[in-house]
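Given below, in the form of structure tokens, are the structures.
After this come two complexes, each holding chain A, first together with chain B and then together with chain C.
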Partner chain A sequence: MSKQFSSENIARLNAEILVKCGVDLKECYQCGKCSAGCSSNWMMDYRPHVIMRLAQLGQRAAILASQAIWVCTGCEICSARCPRGIDVAAVVDSFRQLAVAEDVRYGEHDIPLFHQYFLKETRDHGRVRELPLVANFKIHSEHPLSDFALGPTLLAKGKIKLVDDAKGSGVNDLQELFKLKV
Partner chain B sequence: MEYAYYPGCSLHVMSSEYDVSTRAVLARLGVTLREIPDWFCCGASSAHMTDAVLTDALPAKNLALAVKVNQRIAVPCAACLHRLKKTDHKLKNDDALLKNVNESIKDNYQGNAQIKHPLEIIQDDLKTEELSEKITRPLNNLKVACYYGCLLVRPAEAAIDDAENPERLDRLMNLLGAETINWGFKVECCGAGMTLAHKESIIGLAGRILNDAILNEADCIAVACPMCHTNLDLYQDQMDLKRKVPILYFTELLGLALGLDYNSLEIDKHIVPAKGMLLEKGLV
Partner chain C sequence: MPRTGVFVCHCGSNIAGKVDVETVAAKALNFDRVVFSTTYKYMCSQPGQEVIKKAVRDNNLDRIVVAACTPNLHGKTFQRCIKTVGLSPYLSEMASIREHCSWVHTDPDEATGKAIELVRLATAKVRKNVALLPLNIPVTRRALVIGGGIAGIQSALDIAAAGFEAVIVEKEPSVGGRMAQLDKTFPTLDCSACILAPRMVEVATNEKVIIHSYSKIEKITGSVGSFEVQIKKKARYVDLGKCTGCGTCTEKCPVKVDSEFNLRLSTRKAISTPFPQAVPNVPVIDPHHCRYLTLGKCGVCQKVCQAGAVNYEDKDEIIIEKVGAIIAATGYDLFDPKKYGEYGGGRYRDVITGLQFERLINASGPTGGEITRLSDGKTPKTIVFIQCVGSRDEQKGKPYCSKICCMYTAKQTILAKEHIPDVQCYVFYIDIRAGGKNYEEFVKRAQTDYGAVYIRGRVSKLYEQEGQIMVKGMDTLLGEEVEIPADLVVLATAIVPRREARTLAQKIGLSYDQHAFYNEAHPKMAPVENLTLGIYLAGACQAPKDIPDSVAMASAAAAKICGLFSRDFLSIDPIVASVAETCCVGCNTCVAICPFKAISMEIRKDRTGQERQVATVNTSLCQGCGTCLPNCRSRCISLNNWTTDQLYAEVMTI
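This part shows the complex of A and B:
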């Protein structure tokens, strides 16, 4: 077997996931029920059971660079329906968290970027203010002008506010926990 | 009956009509809500998808602040409810984690919160007869598709109902006099936090939910989550639909049935207008 599938790589990733989210990857017998129910299976480069198989085989880099881990909405259908009781969604979360911590080149541009600006709002204001979030995210996204025309409607309906001085001061004690890149 | 109230960011501006209607119906039913003064964002999807520490720290700190107001906490947003309950479940069952998290949040949460969705408060704390006595405008002739989405029903430790065939909303709507439809998309995902981040997800996922509701001739969809509401309501113009479907919070329908004033419920804040349909049904 090639070095890529070495028993060291396999053992190392299995141990890492077990520590991170308590899932024993060996439990998965590849029935594919997670992928059958997955909300976002139609958009994914690797569907959930493929992620699980790649993980069993120690293919860490391929998963971290995948687009699938980002388009997963976190609906948890995969975990709820797994006949082996595996929390597949927690495995996907673990890989997303590793991709962020290790600053890999993401397989998706906008979604991880959105999460950064969302948490920036949380860190800096305690409460997420819609307009600054939309503005910051859109400027840096791959589709800066999409749905620009929705802006006036949302303002008129009061769905976004021009000035929002919301402050959730409970977040003040947690400042040093945020490791954001923005 | 009194609860600490955690509205969450969505209810602060974007979905303030859900906040308004939740407060109004609970007040009408004799439940007092006391807003947690320094509450902040639970981290929603963005924390657990990117950072293991924030995943539990943000909900835990909010729980610590909440129990200072009341151990019973009301959380109308399904996403906030899901995050708070998942973290709470972990902390209640892992003393070492509780100690670690308390150090990181500089607080002393004891794992003593009881977290409830308003639907549970209405159905479990109040007697059915008490509620039915207060109905002054039954929702007769209204066909409702009850949509539960993901985060109210999964996983078991955070769920308020069955994961595959939940019935809480249907029971409430039936009690109010509405007919509820049988359909296939009660617990399918609407796209959750992808509203801005990945519109393709919403167009596809919310679109198929709306199409099934239309196929089953629903007058409207009832929801109990601000993210579900936004995803189903916001982009209908851009979807391939036979007609538009008004999306209503269950608290708005309950408010109408309880005889609350239409304007006070701020239903006109929705993108897809509901007023025409409600007028036609004699509910305004």
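This part shows the complex of A and C:
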């Protein structure tokens, strides 16, 4: 299937990313150094330079539906090494935000799901309570019973607690942070 | 009785690492007439040359053989060396025991044996060398410049600045060349005409420069120092002296023809100047379309001309110019994209060439600087540029890179964006070749500041659909096919030599390559000289070249010529052929075979008054290649210091 390019899509996505993270996509000259250094490139459907290329060509939907944007660990090696000074990690992060905001069906399910409940725990309690995090994640995932056998061992070793209501010390400040609009 | 000295060079380990140089030197002492031999680490070095000089003085040597690299590399070094101790430079020989021996053989014993034989040959030859005297040739201090483009103009101005006369021959009605057709120039976006026009005016008003416009080279005879050039001045039908350039004739002329200058994007009149800044600003009548000249009716231009400059009786005229050196600055043509059926083969009106695009965006071009589609006159919103059309394509085009297309395509995307703010430009490329000062930065600007989208890959097909040109190609970075509906497609066609390049080269004895680009004498050390002495190259006639390179090359060629003109006589190597007229049968074989056109036939009368033709060699044209020798059926041609006798002596000594 050939890709259809349109000037409107190219201009729109370029402007969108520029506003979101300050990166001018046109700067990229496709040398591939980001992909070569990427620590998780072997797990990605599109490697970082391909994400950049698709972005340059306005292929928004393809990127949002990719799994690569969720596999990215945000280690920022790509950004540190880019000869054109492009913050590639920020571009990938922008696409993650867009994917969340537009509720597209992600190419990868577990990682964004885990992100979601991790942040919920942080916001509500100022810290992460292991059992509710795992429970919420597992219930909403497509594999609720996998890893279940690990539960008793973790409980016995005190790694997860059945009752855990302690709040983080800076919970109020943290909640203020979450209210900020970026 | 000759006394020969043999000097064997180690060349560090280049020779001594394989060849036992001491044995070579020792064996050499046994050769006929050899009275001295020695070795040294680097014979070409200052102390090495001192070794030779001392040996010549102490042993009263009168000939030397240096066993080292090749005469091409260091022949002159050792000639100069023995000249300082009073020996004729032509009494030296070199035995190539590096290139022909140590570098190409693996077995040390066999290599040493071969080195000994090579030295033996050289000693046999040098024994019969003659102390020749250099040839002195008088120099006519005027230069011919073929082509009035920027390269020709620059070299003529530089030669004139040194106080010598320059004669420009330009085939078009005006000087200016390709640069006059361009809009802006990369990477500075200077207006091409604005930087060219002052030079055109300068060249027109410089009293040391003579311009023959609308003229062609008919024939060139002679050689370095004294060429005779036959120039055909085509009938202009307008008197250069009388015409004031008012333009009334052009205005009133009723005949419209496709404009060559505007690449058939518009029309011109049958009497016209190619562009407003033309030099000379005098129109020419196109005899194939003028109504008066074809049908004998009309005569409007003559009636309206207040200066009485129109002359229908004008005839072609042959003039002769004598010059001492020649610069070929004939420039380039463009590859015809019709060969690419997949790009429409010329069928689609909205598929144009890069040079047509230059005319389209030029304020004095056919649309007054508006970029419009030729099919419907609409302003394009999507323009696709395709690079390497005819370049880097061994199947349909040329194997070489045309060098300037990456840059002018980037420039055209910038200019397109400046003319049409909401245009989107796409560029299909294979590699971006932007080597040059501020070139890479310029291409980057086209991408970042002007939003040109670069797609790596060749376009496989163009086809028309609903009034647009569909561009089907591959994005090899994505690994996916792409399809772009374009309003206008611009092809960056390959640079090729001028159509007349080959015939002109044959007329003047210039050597050229398989594409008809003119050959430089050495790709690195003599880039502006041709193998034929006295002929120099400037600009794109040698290879695809941009404006800065052409101008630099033009100045370099002019500097070479000024060097030549700084002396009354030109001293050249006497290694030339000569004919023993008594035994020449006048068979013409050598005349036909000489690659430098140095041999011609002359008539001689014998004692009885009977006439016969014999060959004579023009010593300033002869390059001493020796091609004539084996082809002479009466064995009457000889090459100085390369006589049959000497070669025979070499063979017999093995």
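We take it that the second predicted complex is superposed on the first by the 163 of 182 C-alpha atoms of A that agree within 3 Å, B and C clash if a C-alpha of one lies under 4 Å from a C-alpha of the other, contacts with A are read in each partner's own complex, and residues count from 1 in each chain.
Keep in mind that, in the parts below, a contact is a pair of C-beta atoms (placed from the backbone, for glycine too) under 8 Å apart; a residue touches a chain by one contact, two chains touch by 3 or more.
No experiment lies behind these values; they were computed from the predicted model shown.
Undergrad: Judging by the criteria at the top, classify the pair chain B and chain C on chain A as clash or fit.
TA: Overlaying the two complexes on chain A (C-alpha atoms) leaves chain C and chain B fitting together cleanly.
Undergrad: Which partner, chain B or chain C, is in contact with more residues of chain A?
TA: Comparing chain B with chain C, the partner touching more chain A residues is B.
Undergrad: According to the stated criteria, A:111 is in contact with first (chain B), second (chain C), both, or neither; which is it?
TA: Once the two structures are laid over each other on A, A:111 reaches chain B alone.
Undergrad: Between the C-alpha centres of chain B and chain C, what angle is found at the C-alpha centre of chain A, to the nearest 10 degrees?
TA: About 100 degrees, rounded to the nearest 10.
Undergrad: Given the touch rule stated above, what does A:175 touch, chain B (first), chain C (second), both, or neither?
TA: A:175 contacts neither chain B nor chain C.
Undergrad: Considering only the touch criterion stated at the top, classify A:129 as touching first (chain B), second (chain C), both, or neither.
TA: first
Undergrad: Please give the nearest C-alpha separation between chain B and chain C in the three-chain superposition, to the whole Å.
TA: 25
Undergrad: Show me the residue ranges of chain B that touch chain A in the complex, using the header's touch definition.
TA: Of all residues in chain B, those touching chain A are 9, 12-14, 16, 38-41, 43-55, 57-58, 61-62, 65, 104-107, 150-151, 154-155, 163, 187-189, 191-194, 196-201, 204-205, 234, 269-271.
Undergrad: State the interface residues of chain A toward chain B in the complex, per the touch definition above.
TA: Touching chain B: residues 20, 39-40, 42-43, 71, 73-77, 79-80, 87, 93-94, 96-97, 100, 108, 110-116, 118-119, 121-122, 126-130, 133-134, 137, 143, 146-147, 150, 153, 157-161, 164, 166, 168-171, 173-174, 177-179 of chain A.
Undergrad: Residue numbers of chain A touching chain C in their complex, please.
TA: The contact residues of chain A facing chain C are 1-5, 7, 10-11, 14, 24, 26-27, 29-30, 49-50, 53-54, 56-57.
Undergrad: Sort out for me which residues of chain C touch chain A in the complex.
TA: 381-382, 424, 426, 444, 447-448, 451, 453, 456, 472, 475, 477-478, 480-484
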